[in-house]
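Got some structures for you, see below.
First subunit A sits with subunit B, and in the next complex the same chain sits with subunit C.
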Partner chain A sequence: MESVEFERPGTVEEAVALLQGASGNAKILAGGTDLLVQLRAHMVEPDVIIDIKHIEETRTLTKNSDGSYTIGAAVAGAEAGDRDDITKDWPGVVEGWELIGSTQIQGRASLGGNLCNASPAGDSVPAMVAAGMTVNIAGPNGRRTIPVEEVTVAPGRTCLEKGEFVVSFNLPARPAGGGDAYLRLIPRTEMDIAVVGCGVALTLDTDGVVKTAKVSLGAVAATVLVVEDAAKAIIGTKLDADAMAALDAACQAACKPIDDKRGTIEYRTKIAGVLGRRAVTIAAERAGKK
Partner chain B sequence: MAKHHISATLNGEPVEFLCSTRQTLLDVLRDELNLTGSKEGCASGDCGACSVMVDDRLVCSCLVLGAECDNKKIDSIEGMADGEKLHPLQTKFLEEAALQCGICTPGVLVAAKALLERNNNPTETEVRYWLAGNLCRCTGYDKIIRAVMSTAADMRENAK
Partner chain C sequence: MSSEQKDYKWVGTRQIRPDGHDKVTGRAKFGSDFSLSGMIHGRVLRSPHAHAIIQSIDTSKAEALPGVKAVITSKDLKDQPSELKPAGEGMVNYRDMTRNVMAREKVLYDGHAVAAVAATTVEIAEAALELIDVKYEVLPHVVDVDAAMKDDAPILDDTMVPIGYETKGPTNIAKHVEFSLGDTGKGFEEADVVIERSYKTEAVHQGYIEPHAVVASVSEDGQAQIWCCTQGQFMVRTFVGQLLGMPTSSIRVTPSEIGGGFGGKTVVYLEPLATLLSSKVGKPVKMIMTREEVFRASGPTSGGSMDFKIGATKAGKITAVEATVRLLAGAFPGAPVAPACMCAVAPYDIANVHVQGFDVVVNRPKVAAYRAPGAPISAFGAESIVDELAKELGMDPLKIRKLNAAKKGTKAAYGPTFRDIGYEETVDRAMDHDHYKAPLGPNQGRGVASGFWFNIGGESSATVNINEDGTAVVISGNPDIGGSRASLAMMAAEELGIEYSDVRPIIGDTAAIGYNFLTGGSRVTFATGLAVVEAAKDAVRQLCERAAKIWEVDAEGVVWDNGHAKPASTNVGDFEPLSLAALAAQAPKTGGPICGHNAQNVQGAGPGFATHICDVEVDPETGGVTILRYTAVQDVGRAIHPSYVEGQIQGGAVQGIGWALNEEYIYNSKGTLDNPGFLDYRIPVASDLPMIEAVMVECPNDRHPYGVRGVGEVPIVPPMAAVANAIESATGVRMEALPMSPPRLLAALDSSNIKQAAE
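Presenting the complex of A and B:
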């Protein structure tokens, strides 16, 4: 068996230098819940594994003075779930994150890993997209910040260049009249891969009219989708039956799913509309809708 | 390449071991430290038979590299009893026969202990969700859940 180097950089710069200097294949280790499975199955054969958890920035979840959050790429879901502040401000983001696997997986699985594994069905991604989260990427040319939805370009592939890795995420302050939600459908009650996932973040004015909305669907296309027509269908409405029907239709129209053992194309498409309606309803309740 | 020299705390005692990069914490516990209580069921994080605590978080030791464990606090099933004195969960599992073949039991016990330390009054639903990552191939779930609920009730009573 080939030997694999193991590195524990203490700074972002050291990690970038290691990634850049790697002759062949370098893999970032955060929670390891995908990487170790891939290693064992010989789906990946890295020359070096770079454990980023000794970089302070990747391991801290901070609420900033303006109410926004900076979330380290290697913070585990269970660590976020134990925090009252983010759970109260962005319940949908935490819900998505906390749906990844079992309690044991929750103790390790990170947002950075769930995003960079680039599965179309990653549970944390739609809610992050809906919430308007951005990603701080470090690389040989310094830092850049991009929206979460731009990271995955195809199943299993990200836009990260050689030498780059995700250091942390930015989550905006919860806006006035804001609410968010994430729902997914799985064939079991726990521990399965999403057939459809839907993240919604919206704001209501004092009369209960939707001011802003962002709707995101997972597991119904090659990458997580932003469904602009679904947001348009409800903005300016009080979420009456016509608006909800238009939202449902827009979610269904956006789907380009696959058939597999968890669900057919028809099923996934129909469910996308159902989850869209339900997630909007929950987000609106959290935003204070009477 | 040279093996990694790791110093950690295992069940309250300092421990040192050598491991290669590919060796998981489970491999280290079983093959290097001869602690065979943690089991390998699936080796992919689905079954929970290898559950241990690392820095007071419940994890699958098959999904942790040994090399990651420098300066970590690790607690395995071997540290659950206090010498000859069993943990209340262990006693209850014996009394209520909450095991069949026993392969999943160490992982179930470690996971259940972690739950009761956070919440000594869980609902049945909470217990079932918390233990969703511990598979029992004998499908003996009902007795497991009842034993955990019953231990929690005893622990609340004793705390009065």
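Presenting the complex of A and C:
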């Protein structure tokens, strides 16, 4: 059988050099919860596997002095879920991350992997997008930082160039009057892939009026969507029935789903509206709405 | 003799399972854990088409690949005559079996085996599969039972001669059956209310965690040894012997621990292929199915399409039932259509019943047994329409069941007159249960449903060997899929009067114990249990003889009491009782080893009945269903090991809930399977369910020394209708097709809302 090289760099620079020097197909290994499954199913046949878990920067989750966070690409969901600070500041981001797979999988599955797997249904992505997270990419020409929603360009495909990999994420400080939420629909209660996912982050003023909002939908188009019309529908409102109906309609209008074994176009579209309303309600409660 | 008044030391207690330590420490050997030195690996090439003629198979490139030791196709298997022979669970046709194991003229389903390779590594075997060149002529296919019955349907086998069915030309209908009691025409005339409905269920897989696995080793003198995960080592021996033309004496089959079977391991897939490959190569051959292969090529049970008509008086007395049940068989005949028809309304005392059924071939894997084969399908129809009847009459759904309950002396539509049965008691216990009276909130509903399964006996052999230190070994021949080892050891300990921990239950290979019919039909604790009890009694008889010899009295003068031989009366003499251990120690001097044995074809299985209560909450915006509370009441005869019985009840209910809510095969327009894995074939996960409360009613089976009835199958019969009835109670919407998955339920809720708005 074909052999596979296995590399375990200790620094970002070594990893970039290995990626750049790879003659064939190189794959990044962090938690491995997607890669190992794809290897076994012969969906990918890499020539080299580069394990980035031994680069310290990929394994640390730091709260910075300004209240923002830097999250290593190989940090597992269960590790974030154990932290009081990030779960209190950004419960939606953490709950999307912690929904991936089973308990065992959650001990391995990383944010970087979930994003770079580039599935439209990745559970961690909509809440990251809604929260305004950015991603730090290292490559042969140094580092660049781009919004999370720009990473995936098509199902299974990212904007990463040869030699590049995701090192870490930036999560802003929780704003005053801020709240976020992630909801997904699956036919079971766990161990499943989202039929629709919805991430919402918003801020309320002291009167309970929505000041800012970002709404993101997963699994209803080729890539995770930012639904600007949904945000517009609720900004400046107190989330009254009309605003919620407009939000529901905007979410449905943004959907460009496919019919597949996990859901029909009709069902996914309807559910996008339902989850939009429900996620906004939870985010507003977390933002202090009475 | 009534067994209920007796005080037992072991029967009815919760002992530690004899296989428990090895299973929790990982020491237990399952099918794929077995290995031999010099072993090579086999893989199967499977059809990518639902229906196609095999024009040619060129294996030369695969054979030339270094490391490849053998390649087989159907040419290496002799053809078999088309005739029904009793074997496995029911009748088998070896012509079909050899074609299912390896496609011959045609491939009949996505995943159908076409060739197999043995090579030094799994990777080389897989690479060799890609080098096999198969030329197909793709044919139109059919995967739906109703579509397959239409005149213009693609025909799977134009040589098939239907049984009990007249046809002008080729057909996919393999068999027609009918069961009648009384005069339904007259019964409907007596009815004040008549309801007619149609229902549909999806084919579902047994969902065992352990994939099929085998190691076969054929030596130079033609002696074969097979280690595999199976529900019947003797079944494997028979089938492999027939398909490969080997005498039974040359095949020895050892069953592994089994990671679930539920009926799906009562057939062979890999065993004949591994044995044939091993005989060609002269080395042991190991074969393991991937999960994808399990879904594409093994199981499932039938999907069904049904019409029901029920009539009743205003008082709720059911006067007549008519039903037609159409079951898909997969690629070869053999859907469980007769049991589906026989079980449909068996819980009820109805004077006029006519049920007919059709066995229909389609381009899917051939169905295998699954817990109470056929009964859950027809019960979904029957128990849904009984619920509709109760609603129409404004009656409580349990009261209408009690009013019509079958009792001792009721003649069932399928033939027999019931002896002591506990059906009515299951309804009473459900009615009295606090679950049935608990309040419900918004969007919540409650449903009930009942179920029936025959249970079976069959051929069993057992040996009870008394060891020299006073312990005992029980050898039986049924793979333990539901806790039978513990129960057999407990019954033996009870008979022998020794500690449970001093009895070691072992499952023998086909050369270590007499013939045993496979593990199925909820028969092992009942039938093999009876053989073990008789074998223990045989050992006790010998122990009494040894005591008589020591005391120099007649054997009739010795009785067995609490593990000791005692004089039957003071007339016999004044002797100190001799313990089993003392008699065992003296055995060499009193006549040699003490071995009890029994072999018989056990009759007298007691039927099982169950009544389930299910509470659901429906999310009206998503169609999602949450099971809030579930209570399963069942007549278990007597629970030898109550924890295992409760486990069977809970497991059956959970599998039924999965069948009700989300499980389905998703075939695409080409007839290939889109969801061959547990991610998209959705069996319930633990967090989907509340604790299932098992309520055991004990109405002993008078034809078993401890009153045992089979318990493993009937719990899967009621759940689908119980869930559907609960959803109707929560929403007013009646789901007539399974699965009641969120998209389907939301569509039904939305169309009902539109209808209501229009009215």
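The definition used in the following text is that the second predicted complex is superposed on the first by the 290 of 290 C-alpha atoms of A that agree within 3 Å, B and C clash if a C-alpha of one lies under 4 Å from a C-alpha of the other, contacts with A are read in each partner's own complex, and residues count from 1 in each chain.
By our rule, a contact is a pair of C-beta atoms (placed from the backbone, for glycine too) under 8 Å apart; a residue touches a chain by one contact, two chains touch by 3 or more.
Bear in mind that the values here come from a model prediction, so they are computed numbers and not experimental data.
In the superposition on chain A, A:Ala222 makes contact with neither subunit B nor subunit C.
When the two complexes are overlaid on their common chain A, residue A:Ile265 makes contact with neither subunit B nor subunit C. In the superposed model, A:Val4 makes contact with subunit B only, not with subunit C. For subunit A, the partner that touches more of its residues is B, with subunit B and subunit C as the two candidates.
Touch criterion not met for A:Cys159: it reaches neither subunit B nor subunit C.
Overlap of the subunit B and subunit C contact sets on subunit A: residues 1, 190-191. Against subunit C, in their complex, subunit A makes its touches with residues 1, 185, 187-193, 195, 260-264, 266-267, 270-271, 274. On the side of subunit A, the complex with subunit B involves touching residues 1, 3-6, 8, 29, 31-33, 36-37, 39-41, 49, 51, 53, 76, 78, 101-105, 107-108, 190-191. Subunit C meets subunit A in the complex at residues 121, 123-124, 127, 621-622, 624, 661-662, 666, 674-675, 679-680, 682, 684-685, 687-688, 741-743, 746-747. Every residue of subunit B that touches subunit A in the complex is listed here, in rising order: 1, 4, 20-22, 24, 43-46, 48, 51, 54, 57-60, 62-65, 67-68, 70, 111, 114-115, 129-134.
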